[in-house]
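Note that chain A is present in both complexes that follow, paired respectively with chain B and with chain C.
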Partner chain A sequence: MSLSASIALGRRKTGERPGSRRLRRAETLTGWAFVTPATVVIGLFGAAPIIWSLIMSFQQSDQLSSSTPFVGLHNYRQMVHDPAVTSAIWHTLIYTALFVPGTMVLGLFLAVAMNRKLRFMWVYRTAAYATMAISTISEALVFIWLFDPSYGIVNYVFSLLHIPQQQFLNSPSEALYVVVVMTIWGWSGFAVVIYLAALQGIPQDLTEAAAIDGAGRWTSFWRITMPLLSPASLFLAVWLTINALQLFDEVYLSTQGGPLGATTVLVYYLYQQAFENFNFGYASAIAYLLFIVILVVTAIQFRVGRRFTYYRS
Partner chain B sequence: MSAPSLAAGSVQAGRRRWPFSPWHLVLIPATIVLLFPFVWLIVTSLETSSEALRFPPDLTPHVIRLRNYPDAFNAAPFGRFFLNSAIVALTTVVCNLVLCAAAGYAFARFRFLGRTALFIVMMATLMVPFQVTMIPQFLITKWIGVNLLAGVGIGHIGALILPNAATAFGVFFLRQFFRTLPIEYEDAARVDGANRLMVLWKVVLPLSAPALATLAALTFLDSWNNFLWPLIAINSTAASTLPLGLATFQGAHSTEWPLLMAGNVMSLAPMMIVFLIAQRYFVRSVAATGLSGI
Partner chain C sequence: MGTYRLRAAVCCALAMTVVTGLAACGSGSEATGNSKSIQIWEGYTGVEAKVFAHMIAGYEKSHPGVKVNTLYVNSDNTLQKVQTAVAGGAPPDLAYLYGSWAPNVAKISSVVTLTNLVKQSSVNWNDFWVGERDVATVGARVIGMPALVDNLAVVYNKTLFAKAHLPLPGPDWTWSQFTADAKKLTIPSIKQFGTAYVTPGSEDTVWHWEALLWAAGGQILNSDNTKAAFDSTAGLTALDTLRTMAVTDHSMYLDPTDSAYANVFNSGKVGMLVTGPWDLSGFPNVKYGVQVMPSFPGTTAGHQTISGPDNWVVFNNGASRVKAAEDFLLWLTAPAQDKYFTLKTGNLPTRQSTANAPGYQSEMNAALPDVSTFITNLGNVKQARPQVASYPQISQVIGTMIVAVLLNKQQPKAALDAAAAKVNQILAGSG
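Showing the complex of A and B:
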């Protein structure tokens, strides 16, 4: 398929085209034939449910009766006065505020350390990447054993360091932090991959030029590397936040929202309302609250982030 | 600026040479911490119950007890879980590649009535978290299972495939890639008499191997590790996937740590092996989501 041939063919083709209405109608038919299968799936399971759950959030529904009368804003009003919702939002925000920066700092640190040619580097990188292959459930199951108050290895290490024994997941004041630690570990591989890819995209002549101009390594890192990493940082901040606000799996396996509701995050509460109490109306209202929280938080991140983000091209 | 640069250079020259890079001193402890959960998982899976319930813990097992593995295998059908996970993940990947490629190609190259509107609606669904659509998705799946096709209803593994058979992300991702391809090849093939489907199959898809591999890897990881939807949609051991089966197993044997860890090793080993073999592709795929930029 030589270039001149394809140009010639292209010309012949454009010559056929002008104004043929039948051709355009045929293209609409083919177009719809191509998109229909995906459209049916996405429409049925992605788009229609968005409307349906909005409608449900204005309905009263419970296990006992099959009728679902419209109750206006009742579910939303109930939500505002529900102390469980307030504390669930609070737990979710605390978790997010610790998990996102924690993962980003760890990921950046590891990626900078791994962005060089060294012996055994493949071992280090594989170890970091391996956390990406582990499911949230496997991860949580390992960590509840590591942090077991009676027989866990972490309390053993604490005893060696003369730190008092902790109750960890059994303690209302510590459980959420243990969940933070396990999820940071679980996401560290992802953060390393993103930062390492961004670091490898930085042309070396920039840092070399800075060195010639007298910048030390530290200055060059803060003034050259960090600004060039800012798109990756913004991506990670947004991506990790969206995931953090939807935390569920680890909480379900390790604490079931306890002890004393200390780890009941928004999605866990939503799950309880929907699939333990079968209170679909109220759960839908909570889902929309979650949606709004995600929208607001990511909008703020973009607003603030854009100001500190430097795009080279 | 020239004076400080000289000073910096002399500091550089005066620096003590290490026999090895000092970065190893950072990387070795970091790697030990990252790998420790995996190591401890395997060590515990080879202990007896009484060894595991000992404080201070023994850092190495006295006897390597492989019995935990067949015991866990008998206590819960991990083979079945694995098979279910594999069927669900592979089918989901194939469906996504086919449906998203077809739709993505139409959005990239055809001009048809309603294209823009449909595309905007599809992209809007991308912003909505799963929790918003989860309850109606449950009700729709239930309805389909009762009225249309039992195999994709609640309680069957088909319920894990159908709702994820095509994703707005996949359509968008492939559309973006297709638009970067030179259109001349496609025009030439069309003039030679190929229809749209043949152009997609014979010309476009062979040129899109990297994008298809990326979408396949991401879809596979998502499907394999998904927990919340199987938790809602599946209610039997026979139809459980690995994460769901493992969670049920944990509920039934909550303090039998060696047994739990043996089950956990069996659950994560297949994915770990695939990941280690195809590490480069997985890493490249994940990096691609980040580099696609915001």
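Showing the complex of A and C:
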């Protein structure tokens, strides 16, 4: 019915039929009626907390006592002078700078390796994606043991290769990198699926034409495959960056921000402030800082990415 | 005709919206109807959950007309959820809350003061261990009743002691004996350590050290909780003791994740472990013994240890429900229920009279070998951690100090001074 109604409306731009306005209003109402439930839910559980935490970032609030004095920009000013925030930002940026390219390169490598007709390929593909399906807690537990300085397999392999024994999670200079390795492993499956889908969308005739023109496999990969994968790469870069800047689970489950704050990333610090120290106002201010960081980084990625992204259509 | 169908669709969708909205607000309205119905938030799992449910069924039977509703909440998150429920105007009537939260819990306006309740002679308040009473009291106000008590003692591997031809730890042992034993129990070639320590820098790192601090005669803060007091000779002794094992002797397995140490001990790779009764059931592969904490000779502090009791806290949902919740709480914490619950679960008794009841300790030992040492060790709990709202921040500073020393990133004296300065800042309100 709505289809025929809109066709009717489209035909008669001038001199509308007397009933059509009523019909259009009814249609608008239907539209609203259908989106209202979702809008209410999103408003209640999405928008309201966002606005509320913005208000809270201007308050001194412990969420315990009912007094929440308005402190203006105090929380934001405190953030500027808090060395823990500075180092948390650093840890977050270092982590992101390693995690995002690491995951994309590993994901691309695995996807290219799996983009061929081999027996039991579905087994390899399932195995690759399984890293995504495994819960973070099991992942963290396994990595804790792999990287245990005394009993871990990694140090055992190192000893066989005559590489000096490492302290890993016990060392403030190494722990963050262990978290990077852990999360790259966990997210690589996701990158594989995205790249594999994109690779299968590349028309064979293009690579064949390149081969006829004398392009080797390497040239064809760089000149044909990579540009055609660029939309997938942009999507992964944006998606993984947003996730990296919000890193929490793996840190909470493995190092709890330690040793000596070496793995305290922004979200973990925010969590400590809110739920351990009951500084909800300060934590909300940090959350808004993070929001702005993510907004800026994503905007830059889209800006820069558009230049290098090739859309076939 | 089309408009009618449209209207029907609009009505339908709007009705759905209303229903969704009502469902979101529904949880609070149900509880207000019956004044004899109370809501409890607890974090019991496994055996504890079964025993607790059985006890509640018994209570409802003996108190006709009273309905006790329980809701499982992971204890780690209960305060967060209580905060949300209080903000929404529908807190539970009774909640199981960690003792370390007490000073912050006291700030919640709907928390019911139990000071007069526990004064009733039938409660016999002094029958609870002093460590429990201290944690349930903020300032002069009692905000909860003991829900659980534990303490730290030394669990040791008897087989490893025999292999090293070492005498087993005795009740009069000292920290220098502990250190020497740890050194002798360490065999690097087979990756065997004398002892272990958790180093995430969390409160678990901190309270282990605080036991040493108290045993050395020190204090965490001064008597009116306005300044740091741990930067003392006792603090240095406590820190040096741990440093000797971690840095000098390499006899200490450091566990930065707080999750590996128990498995390592159960695999027979660690000689001695300072831990609580909750870990005992995780050591089926080890022939273990339990001994009280060592002492520092020359101090009067003896074999002091630390306890981390938890509280039952009552919230105000109107006089009649407060009364119903208090009645239930008094029943739950009475000697008979304490004895029943601990015998069935292996938890330590919250009342001294339970611990001293004839035959009780041997019955406990039958279920969990040597748990009686933890029970008698409750007598070595002489004080509680400072009941100040900023304790979580103070704990983070002390945690960082301990880890810095154990990882050999800082010397004990410098670490103590730096930490004390930071704690003083926090206490002055500028941290």
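The criterion applied here is as follows: the second predicted complex is superposed on the first by the 274 of 313 C-alpha atoms of A that agree within 3 Å, B and C clash if a C-alpha of one lies under 4 Å from a C-alpha of the other, contacts with A are read in each partner's own complex, and residues count from 1 in each chain.
Assume contacts are C-beta pairs under 8 Å (C-beta built on N, C-alpha and C of every residue); 3 or more make two chains touch, one makes a residue touch a chain.
The model shown is predicted, which means the values in this text are computed figures rather than measured ones.
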item: Touched partner set for A:Leu141, first chain B, second chain C, both or neither; value: both
item: Partner chain(s) touched by A:Ile212 [first = chain B, second = chain C, both, neither]; value: first
item: Chain B versus chain C as contact partner of A:Leu169, first or second or both or neither; value: second
item: Touching partner for A:Ser150 - first (chain B), second (chain C), both, neither; value: both
item: Partner chain(s) touched by A:Ala128 [first = chain B, second = chain C, both, neither]; value: first
item: First, second, both or neither for A:Phe275, with chain B first and chain C second; value: both
item: Contacts of A:Ile94 with chain B and chain C, given as first, second, both or neither; value: neither
item: Partner, of chain C and chain B, that touches more residues belonging to chain A; value: B
item: Which superposed partner A:Ile194 touches (first chain B, second chain C, both, neither); value: first
item: Partner chain in contact with A:Phe34 - chain B first, chain C second, else both or neither; value: both
item: Touching both chain B and chain C, residues of chain A; value: 1, 5, 27, 29-30, 34, 37, 41, 44, 141, 145, 148, 150-151, 275
item: Contacting residues of chain C [partner chain A, same complex]; value: 2-3, 5-7, 9-10, 12-14, 16-17, 20-21, 24, 80, 83, 87, 104-105, 107-109, 191, 193, 199-202, 253-254, 256-260, 264, 269, 389-390, 392-393, 396, 400, 403-404, 407, 409
item: Interfacial residue positions of chain B with respect to chain A in the complex; value: 1-5, 7-8, 21, 23-24, 26-27, 30-31, 34-35, 37-38, 40-41, 44, 52-57, 98-100, 102-103, 105-107, 110-115, 118, 121-122, 124-125, 127-137, 139-140, 162-168, 171, 184-185, 187-188, 190-192, 196, 221, 224-225, 227-228, 231-232, 242-244, 246-247, 250, 257, 260-261, 264, 267-268, 271-272, 274-276, 279, 282-283, 286-287, 290-291, 293-294
item: In the complex, chain A residues that touch chain C; value: 1, 5, 22-23, 26-27, 29-30, 33-34, 36-37, 40-41, 44, 62-66, 141, 144-145, 148-151, 169-172, 175, 254-261, 272, 275-278
item: Chain B-touching residues of chain A, taken from the complex the two chains share; value: 1, 3, 5-7, 9-10, 12-13, 24, 27-32, 34-35, 37-39, 41-42, 44-50, 52-53, 56, 110, 113-114, 116, 118, 120, 123-124, 126-139, 141-143, 145-146, 148, 150-151, 153, 155-156, 159, 185, 188, 190, 193-194, 196-198, 201, 211-216, 231-232, 234-236, 238-239, 242, 245-246, 248-249, 252-253, 267, 270-271, 274-275, 280, 283-284, 287-288, 290-291, 294-295, 302
